[in-house]
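Take a look at these structures.
In the two complexes below, chain A is the common chain; its partner is chain B in one and chain C in the other.
For the complex of A and B:
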């Protein structure tokens, strides 16, 4: 958001007609109203309607009453949680090294190498991954050359392949977000805690963790919600045992029949993932103050972090990209 | 001794992760110049797959559809997004907060779930499986990126420039065209590039909204990868990845630091 001072200043200095503002907002407002607000509302409303258009709970009764859908939902949430946590754990040390131990001249190059897979089409990444792990491909050839696997086998069409693919797709996001988190921590704070005799573990739990956990929350929300909605990866790589709820949703939606049921699944998926994200955010918030045990002394720091988290949750308003 | 071991280990880990991230992309580049039709080894160099790609009407057709769609959606997204950013910069909170909320929802809700909403709404309007629906869905999913960049730039902009123009006698329209637009032009260009990439890649939206009988490149790859990999696709993928490299370099040049476009910033803009 704009800081109040500049907003005030701008408004005072450049009084503009409401007509001009209305003209500027109209196309975007119409587009967002019809193609963003309406579809989002439709997801909520349409799940509660039957094929004939009357109000019903039948779609949700089917989902919650059917053990196939429930186990798919459970597996989807579990896979997404696992993938998100692993990708953050893998990326954090690398991001820390990028923020602190890498020469400034090298940073743009390395960030560029992270951004390239980040903005490459998901399907091309999957395709490249398939070409890597298929029977007779580079990975299997290398493994068989050192006698670890027979050249004609592969991990294709297994849940492992699906999970590995999802992790590979999540790592660029995690590196970028955790890099941002690592860069924010002032080096002098770390030095101060070391000079004052804090052990490495203490520095991590009481300084680095509280200062990073807000961004971990942001990272978790971004990656988890995206992974919950994955369907191309399990379809292509997962095989019969690696399916997720996204597959069932996509198949139902594509069939063109009883799309209300697909929408009901979408709503269940969305609400379930928001609940998980909310719980993790609360847990992270609690973890900031818990290890120290001394509530009062952590107040100022907690307030600072809360303010930081609030700003982190407004990425639209806080982008300072171009200059 | 102990002090230097950990940083070195972490730096090594960073490079290892970069290699892992690059592997699927490099693999396609290598297989695109390998003789084997099935992507198997040993390696023998050939440029045959690039010539056969040129004659592959299905892949080239899908690429054409994708580029066409991305271009159309980008043009509209840039116009609508820029106007919206300018409008929001002079609006009160009760207007900007809901708009920002919708933009944020578009950025975070998974494409599959959004696609379900689009399918329902476009069927109501009789736009189901029409190219207009596909273009509308693509525009609305790329508008947030344009607004993100242009609004960020507008916020950093000092009001003094416009004030100077105004006191030198320029009217609002002239100030806008000769002062504001040139000042925000780099972020509009960066927003356009992002919108293009996002639309080009937006597989889930395309899969569910495409008219029958038409294929974009991601949808084409999705339906063909189940029957195994082919070197034609590897060749095309290599060309696309090389274009992505060029794009990242240009974005870096336009914005000073491309990584900032993709990371949530928690620091206040210091401008």
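For the complex of A and C:
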């Protein structure tokens, strides 16, 4: 009696499962297929098309053969890389404090404040920043009041202003991602490592880092990809010397000729960004596994011995700490 | 195409240009929705369909009612984001779009492709009032026949703060003057900056020797503080006092000066002695229109004193300079300054004309190269 029931149950469940999965996948899949995959395919095709409509590598040959475009690409990737790294470095301690040392009641309020710039129009953020740093603005006036700068000078219209703006824009993402990374780490793991005598540095490199690096990878991908295509920030803030590849792309498109060349530039930027993101993700993965693999046998003992020695040397200090 | 109208328009256009996709979508949408654009069976005289920029004079809130009062016809607008896309739109509409407003740079392409029809100047009631320097341009003509009636025009020349720049203000040389290093603002568009540099060097602005232009362009960028793409960015830089001179579009500079905003009190716009870059927008009738009489009425209405004066006298509506001489003659001096409509230097203007794609590309390359080298 029981056997037929289970087969019946299985038979019933399987097609329904496939149907249901298909049903759930269809709307999103169709949207992604038609609005992301198809345009991407069109862009790839267009990048390999000449003005006359035939297949060509000429667009890419021009980009790779021209030191101007290559140095712009290099500069753009470098800016995006440093902006991402700096924003993570700035956001991580804040997220850590938010996740571990902030009263639960305050958390939603602070997270809400962090989200505000995230949901504010990008242009509004840029213009807010402009009015803050422009010559004669509050920052320059304050600096001149304490005799550090003339109120009529400003970092406005320099690459520095552009980079600062990009960092400002990246920080909300970084705080949100690193907050969830910090919260994921179980407090008892940290407690355990400390009780076993691990130094602060050791706890960071061997416990916190491996547990956070996956999220750092996610954060890197999100911020880097968003920054590498920046176009409004260098236009408004970067001045004559702060241009990025996005601006060259915009100039090409606005000229109304040879749009395939702009498409090819976008493709090169896309692939280069993917390579950087892929390399960083691999590196993070390696940093997770490699050090622990090599030092597993030696490091804890050394640390243990060191910790024991420290304890033996400073009994009074420890006691004082306990009191 | 390359001239600018209003900070919003400029910003919107530069963003729109970034996504070719959006232009493509418009074209596809129009070709798919062709039926909705088709003229009604009722035929003549009912509705005139106009392809134009949003917020560019022809769609002012009072225009439809005023035109209906005069002709009894309704208006329907199809909005464009560039002249290039409007040519495609008019062609694909197959007569459903009756009139459009190509500029002098693109109208030739439309004439060659048979998109527009020759105009009967005896039916154009304001034809004789249009500046002959404009209406006789060969770019508007083929086989001696006129294909577009000039409507508005503007120039890209020199602006300066007269309290900070006192000598040599009649020359583009101000922009290259080492005295003003780090205080110059440039409109970020190679199709304006390269012809301007050519004018400064005494080269042919339509086809300059790039081996001479590029080094001069490099020095120009070395002098620059700001490369702007919207009037708003320029207004901010002027307000902070970091700019003393630069290149700008006449209509935008006129509006800025009229705004009396901080930093614009002593601002002057000038067509320098070397000349300036200019554009002309023209009304043209589609070759396949089914509302020919109504289309002529529209062209006559758009170029009429009644309409152009009303537009010119409303500062918020940002009218460029009218191509109708009678209108300009009857403008008050302040409005004349705001529109920069002074016709004295019309003959020294270098028009933005159709250029081969390879030449535009060489300009874009040169400007990108100059910008990337810091």
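What we mean here is this: the second predicted complex is superposed on the first by the 258 of 323 C-alpha atoms of A that agree within 3 Å, B and C clash if a C-alpha of one lies under 4 Å from a C-alpha of the other, contacts with A are read in each partner's own complex, and residues count from 1 in each chain.
Throughout what follows, a residue touches a chain if its C-beta (ideal position, glycine included) is under 8 Å from a C-beta of that chain, and two chains touch if they have at least 3 such contacts.
On a predicted model such as this, the values are computed, not experimentally measured, just so you know.
When the two complexes are overlaid on their common chain A, residue A:102 makes contact with chain B while staying clear of chain C. In the superposition on chain A, A:39 makes contact with both chain B and chain C. In the superposition on chain A, A:236 makes contact with both chain B and chain C.
Contacts of A:68 after superposition on the shared chain: chain C is touched, whereas chain B is not. After overlaying the two complexes on the shared chain, residue contacts for A:184 are found with chain B alone; chain C is out of touch. In the superposition on chain A, contact of A:254 is made with both chain B and chain C. Using the contact criterion defined above for the overlaid structures, shared-chain residue A:53 touches neither chain B nor chain C, since it reaches no partner. In the superposition on chain A, A:172 makes contact with chain B only, not with chain C.
With both complexes superposed, B is the one of chain B and chain C in contact with more chain A residues.
Of the two partner chains placed by the overlay, only chain C lies in contact with A:157; chain B stays clear of it.
Overlap of the chain B and chain C interfaces on chain A comprises residues 39, 127, 130-131, 134, 136-137, 231, 236, 249-250, 253-254, 259, 262-263.
Here chain A touches chain B in the complex through residues 1-2, 6, 9-11, 13-14, 16, 20-25, 27-29, 31-32, 34-40, 42-43, 46, 90-91, 93-98, 100-102, 108, 110-132, 134, 136-138, 141, 168, 171-172, 175-177, 179-180, 184, 214-215, 218, 221-222, 225-226, 228-232, 236, 246, 249-250, 253-254, 259, 262-263, 266, 269-270, 308, 311-312, 314-323, going by the rule given at the top.
Listed in rising order, the residues of chain B touching chain A in the complex are 7-8, 10-11, 13-14, 17-18, 20-25, 27-28, 30-31, 38-41, 79-81, 83-84, 86-91, 95-96, 99-100, 102-121, 123-124, 136-137, 139-140, 143-144, 147-149, 151-153, 155-156, 159, 162-163, 166, 172, 186-187, 190, 197, 200-201, 203-204, 207-208, 217-218, 221-222, 225-226, 228-229, 233-234, 237, 240-241, 244-245, 247-249, 252, 254-271.
Of all residues in chain A, those touching chain C in their complex are 39, 51, 66, 68-69, 71-72, 75, 127, 130-131, 134-137, 152, 154, 156-157, 159, 231, 235-236, 239-241, 243, 247-259, 261-263. On the side of chain C, the complex with chain A involves touching residues 1-2, 13-14, 17-18, 20-21, 82, 84, 186, 188-191, 221-222, 224-227, 229, 233, 236-237, 239-242, 357, 360-361, 363-365, 367-369, 371-374.
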